[in-house]
Amino acid sequence: MAEPSLSIKGLRAGYGSLDILNGVDLDVPQGQFVALMGPNGAGKSTLLKTLYGMTTIKGGNISWQGKDITALKSRAILAEGISWVPQGRCNFPVMTVDENLQMAAYTLRDSQVKAERDYVYDLFPILKTRRNTLAGNMSGGEQQLLEVAMAVLQRPKILLVDEPSVGLSPSAIGIVFDELLRINATGQTILLVEQNTKKAMEVAQRAVILRLGKVIWDGRPADITHDELGELFLTGRMRGETEVEH
Amino acid sequence: MTPAELTAATTGRDLRVPFGVALVALACAAPLFLGNYPLHAMIIALIFLLPAHGLNLLLGYTGLLSLAQAAFFGIGAYTSALLAVHFGTPFYVNFLAAGLMAGAIALPLGIPALRLRATSFVMCTLGFVIIGQAIAKNWITLTRGDMGLAAIPKPWFALGPASFTVSGTVGFYYLVLAIAAIATLVAYLIVRSPAGRNMIAIRENETLAESVGIPTWHYKLVVFMISAAFAGLGGSLYAHYLTVVSPLTFQMYYSTTMLIIVLGGGAGTISGVIFGSLLFVGLTEALRVAPELRMIAYGFFLLGLVFWFPSGFAPLIGRFWSFLERRK
Amino acid sequence: MTGLPILDISGLCKSYGAVRAVDGVDLQVDRGEICGLIGPNGSGKSTFFDCVTGLAKPSAGAVKLDGQDITGWSLNDIAREGRMLRSFQKTVVFSALDIEENLVIAGQMFTFPGIWSTFGIGSAARNRVAALRERARELIKIAGLWDVRFQPAGKLSGGQQKLIQFASMLMPEPKLILLDEPMAGINPKLIERVVESIRLANTSFGVSFLIIEHNIDVVTSLCRRVVVLDQGRKLAEGTPDDIVQNQAVREAYLGG
Amino acid sequence: MFYTITEQVVNGIVSGSVYAIVAVGMTMIFGVLRAINFAHGEYYMLGTFGAWFAIDYFDLPYPVALVIGVIATAVIAVVVGNFVMQRIVGAPAEAGVLATLGVALILQNTVILLFGGSYKFFSGGYIEPVSVFGFTLAEQRILIIIVGLVTFVGLELMVTYSRMGKAMRAVSQNIECCAVVGIDVRHIALWTFIIGACLAALSGVLTAPVNVSVYGGMGELITFKTLPIIIMGGLGNVRGTFVAAMILGIAESLVATYVGLQFRDTVGFATLMLVLMWRPHGLFSAQARF
Amino acid sequence: ARSEDGTVRLGLVAPMSGPNARYGAFSMRGAQMAAKEINDAGGVGGRKINVMPGDSQGTPVEGVSATRRLIDQDQVDFIIGDVSSSVTLAMQPVVEDAGVLLLNAASSNPMITYKAGAGGFKWSFRNYPTDENRALLVLQYAAEKKGFTKYAVLSVDSDYGRAAIQFTKKYLPRFKSAILTEDYYKEGEVDFRSVLAKIRDSGAQAIIMYGNADSSPIVGRQMMEVGIAGKIPLIGNAEFNTASTIKAAPKAMEGAIEAAAWLPAYDSPKSKAFVEKFTAEYREAPNNHAYVHWETVHLLAKAIEQAKSIDREKVRAALSGIHYDSAVGEVTFDDHNQARLPMILLEIEGGKPMIKGAYKAEIDYPK
């Protein structure tokens, strides 16, 4: 494996006094495409939020390219080249698609913005046709596309995406995942949270499974079958392990 | 209501009862050890408790921020005063009429206002106060305008041929205490009923509440009327206690006072409101030691409240409960 | 149980300015049926739901529920009838309340006749609420939310909130439930359970369903009939197998 | 008759332009902080006091006093912004009401404590009446109208085209998402607040010569005039606020003439209620837009 | 008496915070200055006067709270207050119950003394002219000396402004006069242009204005703008005669007629000395409220002196029969505990206030 560029050690974090992550260890080398999976409420979104500086960290540390980013605020993290697409709606509903993309480029220089915008319009032509529609008036799936586009536009070094496939039609899911693969090919690291495990295991180079705030499985998608995955979600153990116990 | 509170409400009942009894006993015995002036402060606190309960039902439970309490307070005060001065009716007639009048007027006002959302609703309710004051000032034949109505008689009751007048601070204190206790019980029963749960649902998410079949519009209207009636009853006590009403009764000051009581005590809890009214009146009276600095200190108190106790002092009470329980 | 369809919609249209979100759709849901509604993003599925349930006013067309014309009724008018309930695509819950309270509220209006009775404090009211709690606990177990049942719903994960919404729909057992993407963000194992409980409600209580879903596996396994929308119009209708084979559907929706 | 009506309309426009400058600051603050600023009038008062102080104690000319009044307010706004306003971003509406009421009490009574409660006499400005199209106005009022127009055009441009303006709109719509795209919400909130407070101060100093009296409690009335305007204009809507201010100015003027001055202060809220019955989201748009 | 510490405990209820704080500030300064003068001269009967403030915020409920506190907590024997009539009306029953002497110095609503003395409340006194007296005086002067018959009303929308006009109307027929337009402005109003234009077109000969001092300069300036300055004079009472008001709009104030309990410009040695001393002390000229409170403290001191005790009963008796020389003339009380006060009438001529006389009138109480 290459030199780890994102390194999470013994991370404990949560909301207020409530701990959700109970010691997460994860090393992600530059350019890897990681799928984070796990049952509902496992703490996947919380992990991404924590990486983006949006929760209270109780212990452990996060470093990125050798730099400790544990205590940084989200704006500073963004400046380090880490972008986040949160779960659920996150756009400016009373601004047009065009303006939303401009806001996404808030930290970029003005000259860059236009080129970047044209680039995402090429990627997602449907957004181009709706460029003057208010974001809040679009369908759920269209908004989801917009949000992915907003993050892509920032050209981050690490992209944290939380369930980008939610609400997308099968063909749109195809487009989004193709795009993730493509930007991954340009060297960007991707941390993808997905419930659509089938699709996620197709595209990711590595699968990490979280349960009750801990990593319980980490390996290549090819090394785990679908049924085993389901079993892991439910019990936290592989079938093989249970048999050994008996 | 947070789950913590819900559990506290069920498991803590055994403690609540003795504690509540002790509190009531203390309140009953207050005239034995309180002078006239502290008793007066208690009376004011208890009078304000009524509109505050009303506002709490509206804001704390149903999620509607209203500044109209002063308007209904004023309507109640004037209704009572006019009846007492012109017709010499006994207290309970004036008192009930004040509540009914305020509640009834809330209906036509609520129908257009409750269609508005958040800030527009707030401003509309503020408008009621301002327009109410203009009416009280200009409908001179009825209200005597700015001269106000003075010499409102002390509360008296007629029971058949016998009649009985409540006079003196102590007498009035017991009258107000009894009424406040009943009002608190009524408010408690409302929020503990299924309707109370529906009100919270409206507060949390109106569209969702509608989609699960809660007639949000009716509830809002009913709660708005109930809250107005509470304010009207408070206004009646106010008029009989101070013996004057003037257009100044319609003043933003009273609306914000109610707001401070409810939020300071803890919106969405009954005990919080009781605590809030005592605290508020205690504070304003305590601050009298430095008249020039009084309002400045009060301003800082508000800021402290917002930033350090954003959900009022009720969580403190909750913590006190769990402390007691752990000791047990 | 045959006869009239439970939901009968004809020529439904909805436009927002120049956008024709729904453009003349006819659709029937038979009694006891589980019907699927699919289509590409922005094809007008959610808008269709909005028009049927009264959240939006249709520009044209008629909606009949159980033989009764309910076109133009408001969301609340329809919901209060208690025959048809819906869930929302964007998850909404009563954030400050725990799961049990969320579910009790969802069932409450259907066990209390009229708003005045909800102010009741007697044992009759208490018993009703207790029964609701009982049912709520059952559903919480089914949805796999037992461990977090005391947490405020607003502080649960996205998927958990989606499950609360689903469970709320089952609380009062209406005749028809419209679900807008109930499986979005739910883990594969739980999807199986949700599918199971939909089947159960359908077979043992005769609840009909109209389900918007992008998870095509779920749609094919659950629905007897699937309707496909595209750009506000009905593109196809038929059994899941027909639909998956349909060339037009493949192009517009499934991709390739 | 016709002359009277026209004259009253002109009077209405004159008072409308004062309302407009104060209200636009408040509407911007609301747009970003989602808080009704009950202390807004106090910044109007502070500006006036600053200018009065400069004139009375140091004999400075009016234009210099104007600058001093605005700067003094800005300094106070920085403090209030840092310690109070930034912290109510994203808080529920009630918190905003209480906090700004608290600030109003503090500012108002501190000024009273420092300068005494009595009214002061403002002696600067250009108060000579001049005749324009047959109407006589104090020169100062012409200045007010001009400054009002310039402010509005400037703000409208800023809000639509500048980075800051767009960020302000963004903050008003979705705070969490601002973190995602890297907008510093607290920074934007602070600056919006300072600009809003300075606009209030500016209109305070501009009107001081014609209003003459300066006293600690003068802000409250302005706050109450402004509230219906910003709701009518559509919260956060600069253009709407301008139009609403003019409508209110003219309506007040006509009511004062044909109904009675005592009803003047009710006009704002009465008009507001009528407007809201007809258009629940204000005169202009269904949604907030700067 | 309750106070055993050898002082005279004197409560002062006034709005010390809130929008009307400016009245309270003046009242307090006037009273404190008087107390200091008396104490420096050895006190009353050897006792120092201790002024204890109570904030009424201008609202009845706060006023009553303040009064209660002064009585029960601070153990005062005498209270002076409040400025607002509605607050004073609410305080009356409280002092009546407690048997504490209330000496009002600045409320002008006639009801206060309708109900006092022979009217019922034996502990309420008022050392301030009522609205009725003033209204009559102004109208009489305007009609007889100026020949006005057509008036426009522009008064403050408060108990004070409203009551003054109510009594003006009572006396209109006597002078065969009429009111053509009637408007009331809210305290703090700054825009009078519309109303002044209406008045200009109405044909009124004078504007009857009963208001507070801070509005007068604004009205004056806007009269200049609307073009009626110097043509339609102001009459009534709103401190037309202070130097700053005249300076603000000299042309508009020319010919203004005012009837007042007192004015800084009043030309008597005692008054002049007060103004000088106050200005030196507080770097600000006194207003009417400062004066009346200053004078009332002195009046009370004299009553205590005459009673030779701070026993309230005795002081009350002394007050009823007092003959006190105030800065504007002799003060006595009638059977309703209302002071018979001279009222001064001034007219501005050539930019200077000219005193046209001091008048007293008996009040006819409603039967």
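Every chain is named by a letter (A, B, C, D and E) in the order it is written, and numbering of its residues begins at 1.
In this text, a contact is a pair of C-beta atoms (placed from the backbone, for glycine too) under 8 Å apart; a residue touches a chain by one contact, two chains touch by 3 or more.
On a predicted model such as this, the values are computed, not experimentally measured, just so you know.
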item: Shortest contact path, subunit C to subunit D, counted in steps; value: 2
item: Shortest walk length in steps over touching chains, subunit A through to subunit C; value: 1
item: Centroid comparison with subunit D (C-alpha atoms), farthest chain; value: C
item: Rounded Å distance, subunit A centre to subunit B centre (Cα mean); value: 50
item: Length of the line joining the C-alpha centres of subunit A and subunit E, rounded to whole Å; value: 74
item: Whole-Å gap separating subunit B and subunit C, where each centre is the average of the chain's CA atoms; value: 42
item: Cα-centroid distance, subunit A relative to subunit D, in whole angstrom; value: 45
item: Touching two or more other chains - residues of subunit D; value: 109, 112, 262, 265
item: Shared-contact residues (touching 2 or more other chains) in subunit B; value: 137, 292, 294-295
item: Multi-partner residues of subunit C (at least 2 other chains); value: none
item: Touching chain combinations (by label order); value: A-C, A-D, B-C, B-D, B-E, D-E
item: Interface residues, subunit A side, partner subunit D - complex; value: 52, 54, 74-75, 78-79, 83-86, 90-95, 99, 102-107, 150-151, 154
item: In the complex with subunit D, residue positions of subunit E that touch it; value: 16-26, 154, 157, 182-186, 188-195, 197-198, 201, 213-215, 217-218, 221-222, 224-227, 244, 247-248, 282, 284, 287
item: Touching residues (chain side subunit B, partner subunit E) in the complex; value: 35-38, 40-41, 44, 137, 140, 145-148, 150-151, 168, 238, 242-244, 246, 248-249, 251, 253, 284-285, 288, 291-292, 294-295
item: Residues of subunit D that touch subunit B when the two form their complex; value: 30, 36, 84, 87-88, 91, 93-95, 97-99, 101-106, 108-110, 112-113, 224, 227-228, 231, 235, 262-263, 265-266, 269-270, 272-273, 276-277, 280-282
item: Subunit B-touching residues of subunit E, taken from the complex the two chains share; value: 16-18, 53-55, 57-61, 64-66, 68-69, 71-73, 84-86, 89-90, 93, 97-98, 109, 111, 115, 157-163
